[in-house]
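Both of the next two complexes hold chain A, though its partner changes from chain B to chain C.
Moving on, here comes the complex of A and B:
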């Protein structure tokens, strides 16, 4: 039950982007298309799971004075590996994400979860937390990017990152005339982000009030 | 003390393990990434050596302009070069290839966003054909009006030649770009530049003339029909390029010039120098009472030009001069004058024929109904008859009259 709660928390109540406001820099910058959002999200999820597992496994032998540098070394290694693998096997994703792949190193979600959760919990819990948080992050990116891609281009395209083949495509030709190119620029990212944050805050307030009521 | 050693050791071991993992992953992915680089470039390489086997080769380049070097098996070397021309926000990228005998066998521009009609000429046969077929020891000429861009491209080609010399094991005598001879124009020619007199105080003309980017303000002083001084009071073109044409040396070269004088156009600053030429021309014309009249609208009623016969753009026109009808053969191509010949001259010999010289008639080549013209003083009636004939032929051709 507790594990399930931890996992689900990552989506709504402790959603890293809309609930905790972590990792906004990359979230706003790359959420222009759903391809980017899914690629970035899964990449962060994998790095997060591995870093949580490794840090959790090392938590008993890591001297607390130097735990932050150790976390950074672990995270940086994982991110660099991920970057090289993406470059080699998903070149189109590599070009569209560009510098933001290497910037995963400084994504506060990863260091935050390492410090707040993985360093105090067992390996399995840490892995689940990483998966939950990572999917929560992916979910948030996907929400922003669906809105942005639809409003900015009046179409949605999902392609296979390994081969660049298009998996599915929706073209809303009737909305072609009402495209808002603002949404492909950072300003559109902020607008979308603010709207979603408000909705998430509302859900959170309601469930908090309910919990208080039952107590 | 012991604590510090333990901490340092722990961090060192962690880093060492991390380094090991990174090295392993790098070894795994590096060949794939390199392979993709060739694959991505293959389309461009095929432009020059279709169907060849390519291999990336290592190179050293002091200038930093050469971005890639590829060996086409058995055919030669290809270099990818990136240089900054006039547009500093988008470099010119091109491929250049030399075969095993040091001959240039390929030159292709991959990307250029230089000024349309000027720097963009590097991507036309006008420039490309001067590069292909040269040997590594040949010098390549720059294009007048596109000097900045072509100079940059030639410096890139020279960098590629230096790299080729090492690869092919030959000595290369790298030549600086040759500049085309300075363009010399008569002050009465058409500079196709907008110039307007802002103010005229006793022969001191303040003129606003369009240069490359914006209008420059030129103050021209005319004394007794010739230029006494030229000064640029407001310069709005590109610094360090256009201002080559605003040096004291260049401006003082106008002193003493009259409308028939010849002047140089400054290479690399063609547009700015033409703005100054147009300003000087305007001031001279105004001071000398030459009124530039639009050919299409001017009324040559007294000349009674009449088309006698026409055949596919060639017009025989009778036009009344000083005392009789002169006959002209005028060829019009694409709405502009291709040639004017005076076939029968009936005006005063020694006077009217000043307006039927090859030079004067030749000056009408390229005239359209929008062109303005000069009248030859001393032969006004005859030159009007020429102009009337040209006008009639142009109108007939353009309007189908």
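Moving on, here comes the complex of A and C:
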């Protein structure tokens, strides 16, 4: 039960992006298309699971004075691996994500989870936490990118990152004349993000009020 | 010389690191509540970016390239940045306790500021020579400081205004950032 709750927490209440404001740089910059959002989200999820597992496995032999440098080296190594794999197998994703893949190293979510969760819990729990947080991150990226891509181009396209074939495409031709190109620019990212975080804050306020009411 | 000037102007105003590339969002939201702490953070970032860029630039061309191990770039750079931040903290603490008091709490935060790693990497990927590298790593944090200062000034006013309950705090601040980003696109024709 507790594990399940840990896992679900990552989506709504402790959503890393909208709730805790972690990993904002990549969340805002990458979320122009759903392709990028899914690619980046899964990449972060994988790195997060592996870094949580490794750090949790080493938690007893890591001296606490130098734990942060140790975490950083583990994370940097994993990110370098991820970067090389993406470069080799998904070249189109590599070009569209660009420098943001290597900037996963300084993504606060990963270091934050290492420090707050993986360094205190067992390997299985750490892996589950990584999965939950990573999927929560992917979910938030997806939310932002769906809104932005729809408003900016009046269509949604999802393609296979390995072959760049199109998997599905929705074209809203009737709305073609009303698309707002602002939403593909940075300003659109800020505005979309602000709206979503306000919605999440509203949900949180409501559920907090309910909990107070029952107690 | 004009090239360097163009580079500086475009790094400060047009391709501003926060408003067009989103680097350094965490301190941007975290320490922008007061104008005084915004200046402190800006100065600390300026110092760390210039220092770390010089070291990583030298390290890349004098060690990594001759040995053919450019793939170690990420690991070396992040370690250099982390230890440079620590070193700066120790030195400032030792020699200028007053400065340490005003900057101290912001220094450890800079390690996870993506702007530092981005500038270090960008110096290499764009193939800058030394004077371009210096100009670039000086003007990017200047742009950061400028936007951080303006933003914190607006936020001080926001504190005393009535905001709908669910927009209080970060959501309304992000709307402000969005409007600033629109305003800054006006600089696009400058160069």
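Basically, the second predicted complex is superposed on the first by the 215 of 215 C-alpha atoms of A that agree within 3 Å, B and C clash if a C-alpha of one lies under 4 Å from a C-alpha of the other, contacts with A are read in each partner's own complex, and residues count from 1 in each chain.
What we mean here is this: a residue touches a chain if its C-beta (ideal position, glycine included) is under 8 Å from a C-beta of that chain, and two chains touch if they have at least 3 such contacts.
Predicted, not measured: the structure shown is a model, and the values here were computed from it.
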>> Just to be sure I read the superposition right, which of the two partners does A:158 touch: chain B = first, chain C = second, or both, or neither?
In response: neither
> So, A:25: does it touch chain B (first), chain C (second), both, or neither?
Replying inline: second
>> One more residue to check, A:65. First (chain B), second (chain C), both or neither?
In response: first
>> Looking at A:85, would you say it contacts chain B, chain C, both, or neither? Reply first, second, both or neither.
In response: first
> Looking at the overlay, does A:180 come into contact with chain B only (first), chain C only (second), both, or neither?
Replying inline: neither
>> Between chain B and chain C, whom does A:146 touch in the aligned arrangement: first, second, both, or neither?
In response: neither
>> Under the stated touch criterion, which partner chain does A:73 make contact with: chain B (first), chain C (second), both, or neither?
In response: both
> With the two structures laid over each other on chain A, which partner does A:191 touch: chain B (first), chain C (second), both, or neither?
Replying inline: second
> Which partner reaches more residues of chain A, chain B or chain C?
Replying inline: C
>> Give me the intersection of chain A's contacts with chain B and its contacts with chain C, in residue numbers.
In response: 69, 73, 76-77, 80, 84
> Contact residues on chain A for chain B in the complex?
Replying inline: 61-63, 65-66, 69-70, 73-74, 76-77, 80-81, 84-85, 87-89, 91
> Tell me, which parts of chain A touch chain C in their complex?
Replying inline: 21-22, 24-26, 28-29, 68-69, 72-73, 76-77, 79-80, 83-84, 99, 102-103, 105-108, 111, 182, 185-191, 193-195, 197-199, 201-202, 205
> For chain B, which residues count as touching chain A in their complex?
Replying inline: 6-7, 10-11, 14-15, 18, 21-22, 25-26, 28-29, 32-33, 36
>> Quick check on the complex: what are the chain C residues that touch chain A?
In response: 19-26, 29, 71-72, 74-75, 78-79, 82-83, 111-114, 117-118, 121-122, 125, 165-175, 177-179, 181-182, 185
